[in-house]
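Please read the structure below before turning to the comments.
Lettered A, B, C and D in written order, each chain numbered from 1.
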Amino acid sequence: MNTLINGIFKRDMALAFRQRSELAQPLMFLLMVITLFPLGIGPGPVTLQKIGPGVIWIAAILSSLLAMERLFRDDFWDGSLEQYMLSGQSVAAIAAVKVLVHWLVSFLPLALFSPLLALFLNLTVDMYIALMLTLLLGTPLLSLVGAIAVGLTVGLQRGGVLLALLLIPVFIPLLIFATSAVDSAALQLPYRAQLAIIGAMLMLAMASAPFAIAYALKVSQN
Amino acid sequence: MAGLAADNLTCIKRDRVLFTDLSFCLSPGQLIYLRGPNGAGKTSLLRILTGLSAPESGQLMLNEEPLDKVRDRFNQQLIYVGHKAGINGALTAMENLRFWCAQHSTDFNAQQAYEVLARLGLVGLEDVPVRMLSAGQQRRVALSRLWLKQAIYWILDEPFTALDTDGIELLETHMREHVANQGAIITTSHQPLSKHAGPFTELALEYRL
Amino acid sequence: MQFDSLQDFLAMGGYALYVWLSFGVSLLALVWVVIDSASTHKKLLRNAREEQARQARIAAARKAQALQSESQQTGS
Amino acid sequence: MWKWLHPYAKPERAYQLCVTLQPYFLWPGILCLIAGSIWGLAFAPQDYQQGDSFRIIYIHVPSAILSMSTYVAMAIAALVGIVWQWRTAFMAMIAMAPTGAVVTFIALFTGAAWGKPMWGTWWVWDARLTSELILLFLYLGVIALYGAFEDKQQAGKAAGVMALVGVVNVPIIHYSVEWWNTLHQGATISKFDKPSIAPEMLWPLLIALLGLALFIAAVTVMRMKNEIIRREYHRPWVKDLAARALGDDHAV
């Protein structure tokens, strides 16, 4: 445990702060994509409110695909990954810690950004709260499942588009439940069911994804 | 046969047979110099020995036990320096070593790390991001692990790449001392080992089609 | 038989386009899979034979080289 | 069972097995497909609501059912490969992928062609069609991932992991899409809500289903032979095989 905290958690945190600008890029992308919608569709407040939850979530998924790529990329190419695998620690635990750090530095800021996005797309306070909750529950799921595909494609020279092809269909249920939660909030309806389902998917991913990531990384090493 | 024994290893990479039925033993107190032309499978063999990749057939034994059963114990006694240095360019030399030691459950002593880096000729470069250093200096940072972690087995893939003559001599001397202290080393190298490395066994791989 | 004549059958009660299009495209797709698998099979076998021939050439060249160097040694 | 199956983990034995099985799958499969289609097209009674357009059911429903089952079979093969490190299982998995994708495409196409007379438009975001579309994406992802690796051993494992991730998702996708569909449903009635189907209509459907299943098995076996050769092309037995199969057209 100590080795994980000192060896991986602190290291990745230190690296994240040193590469702040690279971390900010997906967030800026998110902001810009969301700006495109009012410009492309028209700034009618009712329309924006109707498409808002979907737009924010689609943009979040797309920007997560951009952010995800750097999760194992540097470690793979500079050989750190080999050293992790020979450290005697469980690769699944190492992968879980790395995904945690990645979530903290690239998705948590997104949740902090969301009031601004809600403002842009004319969301009500209820919708905003629901959006925040779905983001907090849903983005760890994006990280965990995404990390499996990143582990598989990390050794490929041009893995970027492939990563998107692999992950977009897998993220569709999350998109459906998350936007439906926000839509329900707009109508003052309860949305606990949707949150519960997202939570259940998150639990499933937390229990199984680290092992899948570990296996994926081993396959990539071969 | 104490030590790391390879039993009838066969390796096939991308449909090419690199070697078949290769058996040898790496015992404490032994230095094996793995020789062979490009593409003969030296790196593949070393990666199989570390457990990073799996052989097509055959198995590895550590002190007469299947290696898969005692993988954790083996990892504690192993240092692998590969083609890729395993050094992150954005971190400083000291940070790289500190995190590496933490990952490998090795006590890290800053004083000792400074001394090792000094011995490797990196005085004043300890707190500079590693990507600012030259290729040879980066290689020295990677190799400083050999001074920091106590381990029996060293698996070194082209450790002399980018090193100058002083660096090569330093490393060869360290290798000789390690073997004298019942260490076991298997290494590849483009140029033959010099007398500083002490006595060694040669293992030759051929390029085959 | 649900239809009185061949014309009726082909007309499919006015839905000819959709019914025959569905069956036609499905048939084409299934036939394509089979043909693709069979032609890949042929191609792979051909590749395998070329590969083996290449190996034989390399082996022969090596043998010749070895013989040549041997005769040179005995000659000098 | 493991002891009995194990010899087939050897590529040559697996190849022989494929050769033996192929005709038993292919010809009955084609026969059943033809019989089911003719029965369904010409002899089954008309649907009282949809007229003759409902005859598309005889290709749409079998392909829709089997597109899902093929994906599940793929995931099972991947799981076997990962757990028992059984290489032939990965080959079986990747042999199923293109066939499954084609069957999914058929389900989508026939669904669209059926939708046009029913709904007046080729594409409706109906729950079944949407899940089929996502399933097609999942298939394409697995195929693309397999194609991206040079080392086919590695490719098989990677594609296997993705197939497993996908199969966990298939039911979730199915229910989420159904949920989404009920939320957003306008005036469309689902064409699949049939309380009961008359036996004269059901029999040809079952025959077509069996035929398509056998056909998929036959193509899988054919493609598996290809995968085995692809990875074993340097072995002597493949050489003999090539000599026997291509011997006559050597002059060309």
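FYI, a residue touches a chain if its C-beta (ideal position, glycine included) is under 8 Å from a C-beta of that chain, and two chains touch if they have at least 3 such contacts.
Nothing here was measured: the structure is a model prediction, and the numbers come from that model.
Q: Could you tell me between which two chains the number of C-beta pairs in contact is largest?
A: So the pair of chains linked by the most contacts is C-D.
Q: Farthest chain from subunit C, comparing Cα centres?
A: Farthest by centroid: B.
Q: Subunit A to subunit B: how many Å between their CA centres?
A: Here subunit A and subunit B have centroids separated by 37 Å.
Q: If you average the Cα atoms of subunit B and of subunit C to get two centres, how far apart are those centres in Å?
A: That gives a centre separation of 46 Å.
Q: Quick check: how many Å separate the C-alpha centres of subunit A and subunit C?
A: Once rounded, the distance between the two centres reads 43 Å.
Q: Starting from the mean Cα coordinates of subunit C and subunit D, work out the distance between those two points in Å.
A: Using C-alpha averages as centres, the distance is 20 Å.
Q: If a residue has to touch 2 or more other chains to count, which residues of subunit A qualify?
A: 222
Q: For subunit D, which residues are shared contacts with two or more other chains?
A: 151, 233-234
Q: Name the residues of subunit C that each touch 2 or more other chains.
A: Each of 55 in subunit C touches at least two other chains.
Q: Given the complex with subunit A, which residues does subunit D contribute to the contact?
A: Listed in rising order, the residues are 82, 134, 137-138, 140-141, 144-145, 148-149, 151, 153-154, 157-158, 161-162, 164-166, 168-169, 172-173, 176-177, 179-180, 183.
Q: Could you list, by residue number, the parts of subunit B that touch subunit A in their complex?
A: Contact set of subunit B toward subunit A: 50-54, 71-72, 75-76, 78, 80, 82-91, 95, 99-105.
Q: State the interface residues of subunit A toward subunit D in the complex, per the touch definition above.
A: Residue positions touching the partner: 145, 148-149, 152-153, 156, 159, 162, 165-166, 168-170, 172-173, 176-177, 180, 183, 201, 204, 208, 212, 215-216, 219-220, 222.
Q: Show which residues of subunit B lie in contact with subunit D when the two form their complex.
A: 13-15, 17
Q: Could you list, by residue number, the parts of subunit D that touch subunit B in their complex?
A: 150-151, 231, 233-234
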